[in-house]
Structure formats: C-alpha cells, structure tokens
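What follows is chain A paired twice: with chain B in the first complex and chain C in the second.
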Partner chain A sequence: MKRVIDRLIALSRIDRRVIYVVMLLVVALPFVTPVRFRAKASEETLRFDRALDAAIASDAPVIVSLDFGPQTQAELEPIFLAVLHKLFFHKKKVILLNFIVEASALARQYLHEMEQEYDLTYGEDYAYLGLATPYYIAIYAMGTSIEDFFHEDDRGTPLSEIPLMQKVRKLGDAAAVIDVASPNLPHHWVNFGVTPYKIDLLVGATAVKATDYYPYLQAEQIKGLIAGGRAGAELEGLIKDQGVRPEFGSATTSLASQSLALLAIIVFIVIGNVGYFVGRTRRQGRGR
Partner chain B sequence: MVTKIGYRLPFVLMLVFGVLFVVQYFVPHPAIKSTTDGIQQIKQPVSAFIIFIGLVGLLVMHARRVKNRERRWGYSLVTLTSAAAMAVVGMVWGVDQGTVYADWFTYLLSPIEATMFSLLAFFVASAAFRAFRARTAGATILLVSAFIVMFGMIPFFEELFPPLSKLASFIVSYPNTAAKRAILIGTSLGAMSVAIKTIFGIDRTILGREQ
Partner chain C sequence: MNLASDPYVWVAAILTLCVFSFLYKDNPFFCFAEHLVVGLAAGYTFCTYWQTIFLPELITPLWQDGMGSHAHLWISVVICFMWACKYIDRAQDLFRCALAFWIAVDLGLFLPTTMSARVLEQIAGTVNLRLQGDWTVILGNLVLFVGTIASLTYFYFSKAHKGVVGAAARVGSWTIMVGFGATFSYVVLSRIYLLIGRVHFLMRDWLGIVE
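Then we have the complex of A and B:
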C-alpha cells in the first residue's frame, strides 16, 4: 500500500519535459495517421450558417473583416476560408478589409487563391479596401460613408472608380458584416456598427475570445458565432454537406489533435489531483 | 498666467469634444453628424502619426542599445535589420502576392509567430497539471466545470454520452454568459465614470499636477 501511495505521489510530480513530449505526440499523431473526427454542428454554428444563408439570399454585397495574424491563423483560417468559399461559390460579391497590420498580407494571399479558383474579377466580384486604422473611428465613419474614410482601395484605386463600391456606399448597404477576428474587434463592431447602424454582424473568433461574445449572441447583436477550431470544423462539415467544398478543410484535420490534447490535459489534471489528495491525506495522518 | 492657460486648454478641449461626441451619438442631427465626421477625418492622420512616433521610438531605443553594446544588443541589431529589410523590399518591389515581401511574410514571419503561439499548448498543459488542484470548494467547481466543457468539446465523448455536450453548452451559454455580462456592465460603468471625470475636469491626473 505504501508503495502504491508513493507511486501516486511521484506521478503527481512528473517532469514537465514528459508533459511536453506527451503533448507533442498527441498533437502530431493525427497528422500522420488517418484518424479524423467529425464534429456535430452546435446550435451556434447552425445559427451562423442560417445568417450566412440569409446574407447570400440578399442582393447586397457582404463586408468581410479579416482580423487575425499568423499567431491564430491555424484556428481562424479554416473559418475564414469556409466563409469565403461559401460566399464565392454562391457568386456573392465581397468587400474585404482589415484592422490589424499583419492581416493585410494574409488577405492578399487568400484573395489571390480565391480569384484563381472562382475566376473572380477585381472590382466587380470583390474589392479589398486594405488596412483601416484606428478601428473604432473606421467602423463608425463607415456607417456614414465608406468612401470618405478609405478614399482608395489597397491597390491605390479611388473607390469612385470601383464598380462594386457604388453598390455599398455605407455599412447599412451591405447584406451583413462578417468579422473573423482574434483581438477584441467584434466588441467594437457591436458598439460602433451594430448599435448605431443596425447592421447584421456575424463573428468567427478563437475559442478563448468567443466566450466574451455570448452576451451579444444572446441579445442578437451578433447574429451568428463560430467559436474556435472545433466550430470551424463544424462549419466545414456543413459546407461540405451543402456541396460547396468537395473535402473537409484543415479544421477537421486538426480536430483530432485538439481532442487528444484536451484528453491529455484532463488525464494530467486527474493525475495531479490524485497525487495531491493522497499526499495531503498522508500529511494529515502524520500530523495526528 | 500663460502656464495656467496652457494647463487649462487641454481640459477645455476635452470638455468640448467629449460632450460633442457624446451628444452626436444620441442626436442624429445632420449638422452635428457632419461636424463630428469632419473631426473624425482628422483622427486618421493623427493615428498614422502615432504609429510613426511608435516606430521612431522603437528604432531609437534599439539603435542606442546597439551603439552602447548593451546586454543582448545582438537582438536589437536583428530587430533593426529586419525592420529595415521589410520596409525596403515592401517599398521597392511592392507587397502583392509573389513579391519578396509576401514571400518573407509567408515563409519567415508566419512560421515564427505561429511557433511562438503554439508553445502555449505545452505551457498550458504543464501549468494545468501543476496548478489546477481541487484545494477549495470554488476551485472544485471550476475544475468540474472545466472537465465538463473539455469533455463536451471532444466529438468522441459527445457521441458516447450526448447529455455531456448539452451540459457543456449550458455552462458556456448561461453561467459563463451571466459572468461575462456582469463583467461587461461593470467595466462599462467604470469606463463611463472615468470618462465623465475626465471630460468635466474632475480627474486632472492625466496631465500631471497644476504648476
């Protein structure tokens, strides 16, 4: 018995390098094996998809705000690409912009890929306005006039010369605004876009930030929320079922890694707690 | 006398612009709207200037470190060289797809930043193992909630035990939302209080003490 207790206490003091190796294995393993998990769509994801369908059904173009950099690219890129694929598949006109500097290079890269895949024409099927700063001023000013704030697009073309921008002169002219963001930008979209101008806002966020947006989702200030990588996989499943994409995207691939990593963390916490309680009981026994 | 006016001027400006922007949010009169829109146009170059000031500050700090051979000056040299290289290739050859700038971003900056961020998974696992203990009733509730939410996120357990997923969704949608809403309302009231004190000059600490 004493030996078992000693082992349990020793287990609760595992070297952190062992934890790192286990995490490395569980994260990497699904990428080299055919293990794939399919996530059942949650109510939030279904709401997002319904709101996206409603925006597609409208005649007006959609504004998409890309607000993530390489740090959160693995989690948010699948969401962003799933949204863009669905919009362009349905021949929806898209106006793209971003509020963080690093997103500009990503935006150009994604739009280049989309342009080739869907044979898009710049200025007619899509437009990229570029970086907008400061974000709160930009959002609020776009409610009155997009042209007065931006003047020209990312390529330096005056907005007055872009046919697509003649259909969307202010935020209210768009069918919806979709913000895929790692920082707190959806919060500012609600304050400076949704409240004064009554726009429909859809949000894709990291799992860590998503919990901040549930109050807005309940109050319907946000019409749909994709919360992190798992919800990204749910969205990929939905658009595959709808025939938008032939295959699942990278969120579905990484779902197995995420699930196994969560399982490993749970096991580590259990081991830590068992060791803690056994050790405490022994200390208390000695105290008597 | 001049010093006193100089000290009071920022407070007068804060009062005028603060009240104007609060009023325009609630009074959608075209005259007020056009005035504030005009002011907002000024904020764009101001914002650009702030970024410029930040950049100059960063460069001066690192240049000083390199010049004085301070501790870890090599990192400062890497910062200065990288900043200069990205700026030059961006301005000379452009930033579109296929340019050197875009390639450096895709093949250098992206992997570096993603690697730094992904280290979090290892640190979080290690920290959770060491610190997440059911020491008190509060910590136990937190632990049980975390377990339910984590299990609810794993598709395998969702299939095996469907109520788990619903329970996880309930925790995120209700107790979490209630707490977040309370924090949101609290911080918003705090921000309003600070704004009112600043706009009406009650809190003058932002400009230091009156001479």
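Then we have the complex of A and C:
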C-alpha cells in the first residue's frame, strides 16, 4: 500500500514536459490509425440546421460574416465550410464580409474554392464586401443602408453595379445573417443587428465562447448556435447525410484525436488530484 | 512519407516547431517566432487598413472632391490629428476632446442597445419559462430559473446570508461554480483543437504521412 501511495504522489509531481509529450502523442496517433469516429447531431446542431434550412427556403440572399483568423482556423473552418457548402449546394445567394483584418485573405481563398466547385458567378451568385470596421458602427449602419457604409466591394466595384446587392439594400432584406466568429462579434450582432433590426442571426463560434452565447440562444435572440470542433463534426455529418458533401470534413477526422486528448486530460486530472489528496493526508498524519 | 515541396509550408512548419519549442523552455527560436508574428501582424493590419479604409474612404474622396460633396470628411481628418496630439504635451486637451467624442458616440450607441439586448431580453428569456414538452426541457428551464435567482442572491449583500437567503446564496455559489467549470472545460476543448490543427498540418501538409 505504501508503495502505491508513493507512486501516486510521484505521478502527481510528474514533469509538465512529459505531459506535453503524452498530449502530442495522443493527438497525433489517431491520424495514422484507421480509427474514425462520427459525431451524432445534438439538438443544438439540429436547431442550427433547421434555422439554416429556413434561411435557404427564403428567396432573399444570406449574409455571411467570416470572423476568424489562422489562430482558430482549425476549429472554425469546418463550421464555415459546412455552412458555405450547404448554401451554395442549394444555389443560395451569399454576401460575404468580415470584421477582422486577418479574415480577408481566408475569405478570398474560400470563395475562390467555392467559385470553382459550384461554378459561381461573382456579383450574381455571391459578393464579397470586404473588411468592415469599426464593427459595431458597421453593423448599425448596415441596418439602414449597406451601400452607405460599403461604397464598394472588396474588388473596388461600386455596390450599385453589383446585381446581387440590388436585392439586399439593408440587413433586414437578407434571409439571415450567419456569423462564424472567434472574437466577440456575435455580441455586437445581437446588440446592433438583432435588437434594433430584428434580423435572424445564426452563430458559429469557438468552444471558448459557447457559454457566452447560450443565454442568447435561450432567449431566442439567436436562432441557432454551433460551437466548437465537435459541433462542426456534427454539422459535417448532417450535410453528408443530406447529400451536400460526398465525405466528412476535417472536424470529423479530428474527432478521435479530440476524444483521446480529453481522455488523457481526465486521467491526468484524476492522478493529480488523487496524488494531492493522498499527499495531504500523509502530511497531516505526520503533523499529528 | 511525402515531404512538402512548397517553401511556404516549410516556413510555416519550422515556425510552428519554433513556437512549440517554448514547451521545453524559453529559447531564441521561440523569441524569433514571437517577434516575427507581432511584427507581421502589425504590418499586415496597417497595410490592410490603409488599403481598404484610409485610401478609398478618406484620402481618395478628399483628393477628388475635398471641397465639394466630400467636405464633411475634413472633420474626420481633424479628429485624426486630435488623436495624434496624445504625443504633444501642450496639446493634451485636444486629445482629450477626441477621446471624449469617441466615448460619447460609443455610449450613445451601446447604452440603449445593450440595455435591451443583454438586460431586458435576457430577463424576458429567463422569466418566460416553457413548462411543456420533454421533461428534460422542463427540468432544464427550472434549473435555469432557480440558478439565475440563486446566483443573483449570492451577490445581494444588503441582507445577511443566513436562513433562506443563505441557502439560496449557497445554491447560487454552486451554480456559478458549475458555470465556471463549463466555461473552463470549453476552454480546454478549444485549446486541444488548436493543437490538433497544428499537428494535423505538420503531419499532412509538411511530412505527408496523413492524407
């Protein structure tokens, strides 16, 4: 028994670098094994998908705001691509914009890929308005007139010369606004878009931000929320089942790594706590 | 193994390893990568703002018709210079005026919308409980309602936390802890995803050992 307790205490004092190596291994190993997991869609993801379907059923175009950079690309890219694939698969017209600087390059890259895959025509099937800043003033201003804020699109074309923009003069003309964001932008969309102009807002967010946005979902200020890589995998599964994509995306590929990593973290937490309490009990015993 | 031939992938992979090297200990490679990121981000941000905001929205219109239909843009120019007065000791008041203007505009925009979006709508969302349908939904709504009231009680200091108030405050404290726990677990989940993203990049794009 004494030996077991000694081992537990020693394990709880393990060098942090050993933990990093273990984490690296548990994340890397599933990629080279044939093990693949699939995420079953939760009620929240189904709710998001239903809201997306409702937007697609409408005649009006959809506004998509891309607000993540390379930092959170691994987590948010699957959500963003799943949404974009579904919209373009159903021949939905999309107006894209972004509020953070580093998203501009990603937006151009994704749109180029979509243009090739779905044979899209710029200005008719989609438009990219470019960077909007400062975000809250931009959102508020777009509620009354998009053209007054964005005089021209990302390519320098005046909005008056873009056919798609003739259908969407202000935020309220869009079927919905979908914001896939890593910073706090959904807060501002709720503040300056949903509250004054009653737009339908769907949010894709990082897991870190999920708990910030659940109250909005509860109060139905946002119509759908999809947060984190796991939810991204659920959405990928849904759109595959719906025939939008022939195969799963990167979020589903990462599920095994994510599950193993979380399992490893739980094991480390248990070892650390057991070691701590056993050590404390022993110290108190010696103290007496 | 099918090593990448794209030099940009090699640069990205080497910089990723430089950043990861910090996990062992602080070192010059990590410092180099850190400074490079900060410098590049600052340069990229400046150029993007210059190209997409300053040039098309301010400089070009003023150059073309600065005394006519775009004359109002001179106000922006004046405010820009007032901000720059931060660095001139004798002109600090001008800077404060620009700051005051900015705060006033922000307050004017934020106060009514925030009050509505984050206070009134949230109260309505909590009070309008749906006690119909699946029992899990009903239970969830009840937990939400009780948890909200109990959490508010925890921050109510005008009455001693004894008896019913004390019990409610204790429940509130637990509710807040559960909330923090949920947030923390989501943070861990997000950080794991960042690691997965980089490992996937190294194994697929750089080393070519994953399809």
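Here is the rule we go by: the second predicted complex is superposed on the first by the 288 of 288 C-alpha atoms of A that agree within 3 Å, B and C clash if a C-alpha of one lies under 4 Å from a C-alpha of the other, contacts with A are read in each partner's own complex, and residues count from 1 in each chain.
By our rule, a residue touches a chain if its C-beta (ideal position, glycine included) is under 8 Å from a C-beta of that chain, and two chains touch if they have at least 3 such contacts.
Please read these numbers as outputs of a predicted model, since none were measured by experiment.
Asks: Based on the superposed arrangement, let me know which partner A:254 touches: chain B (first), chain C (second), both, or neither?
Replies: Touch status of A:254: second partner only.
Asks: Just checking: does A:194 make contact with chain B only, chain C only, both, or neither of them? Give me first, second, both or neither.
Replies: Only chain C; A:194 stays clear of chain B.
Asks: By the touch definition at the top of the document, which applies to A:130: first (chain B), second (chain C), both, or neither?
Replies: Only chain C; A:130 stays clear of chain B.
Asks: Considering only touches as defined above, state whether A:141 meets chain B (first), chain C (second), both or neither.
Replies: A:141 sits against chain B, while chain C stays out of touch.
Asks: What is the contact status of A:221 with respect to chain B (first) and chain C (second): first, second, both, or neither?
Replies: second
Asks: With both complexes superposed on chain A, which partner does A:230 reach: first (chain B), second (chain C), both or neither?
Replies: both
Asks: Does chain B (first) or chain C (second) touch A:27, or do both, or does neither?
Replies: So A:27 meets both chain B and chain C here.
Asks: Quick check for you: in the superposed arrangement, does A:265 touch first (chain B), second (chain C), both or neither?
Replies: Both partners.
Asks: Now for A:211: first (chain B), second (chain C), both, or neither, which partner does it touch?
Replies: both
Asks: Which residues of chain A are in contact with chain B in one complex and with chain C in the other?
Replies: Of chain A, residues 20, 23-24, 27, 71-74, 102, 104, 133, 137, 140, 196, 211, 215, 218, 230, 258, 261-262, 265 contact chain B in one complex and chain C in the other.
Asks: Residue numbers of chain A touching chain B in their complex, please.
Replies: Where chain A meets chain B, its residues are 14, 16, 19-20, 22-24, 27, 37-40, 42-43, 69-74, 102, 104-105, 108-109, 112, 133-134, 137, 140-141, 144-145, 148-149, 196, 211-212, 214-215, 218, 230, 255, 258-259, 261-266, 268-269, 271-273, 276-277.
Asks: Can you list the residues on chain C that touch chain A in the complex?
Replies: 23-24, 41, 44-45, 48-49, 52-53, 56-57, 109-110, 113-114, 116-118, 121-122, 124-126, 144, 179, 182-183, 186-190, 192-200, 203-204, 209-210
Asks: For the complex, give me every residue of chain A touching chain C.
Replies: 17, 20, 23-24, 27-28, 31-32, 71-75, 101-102, 104, 130-131, 133, 136-137, 140, 151-152, 154, 156, 190-192, 194-196, 206-208, 210-211, 215, 218-221, 227-230, 250, 253-254, 257-258, 261-262, 265
Asks: Under the touch definition given earlier, write down the residues of chain B that touch chain A in their complex.
Replies: Those residues of chain B that touch chain A are 25, 33, 37, 40-41, 43-44, 47-48, 51, 95-97, 101-102, 105-106, 109-114, 116-118, 121-122, 124-126, 128-130, 132-135, 143, 146-147, 150-151, 153-156, 158-159, 165, 169, 172-173, 176-177, 180-181, 184.
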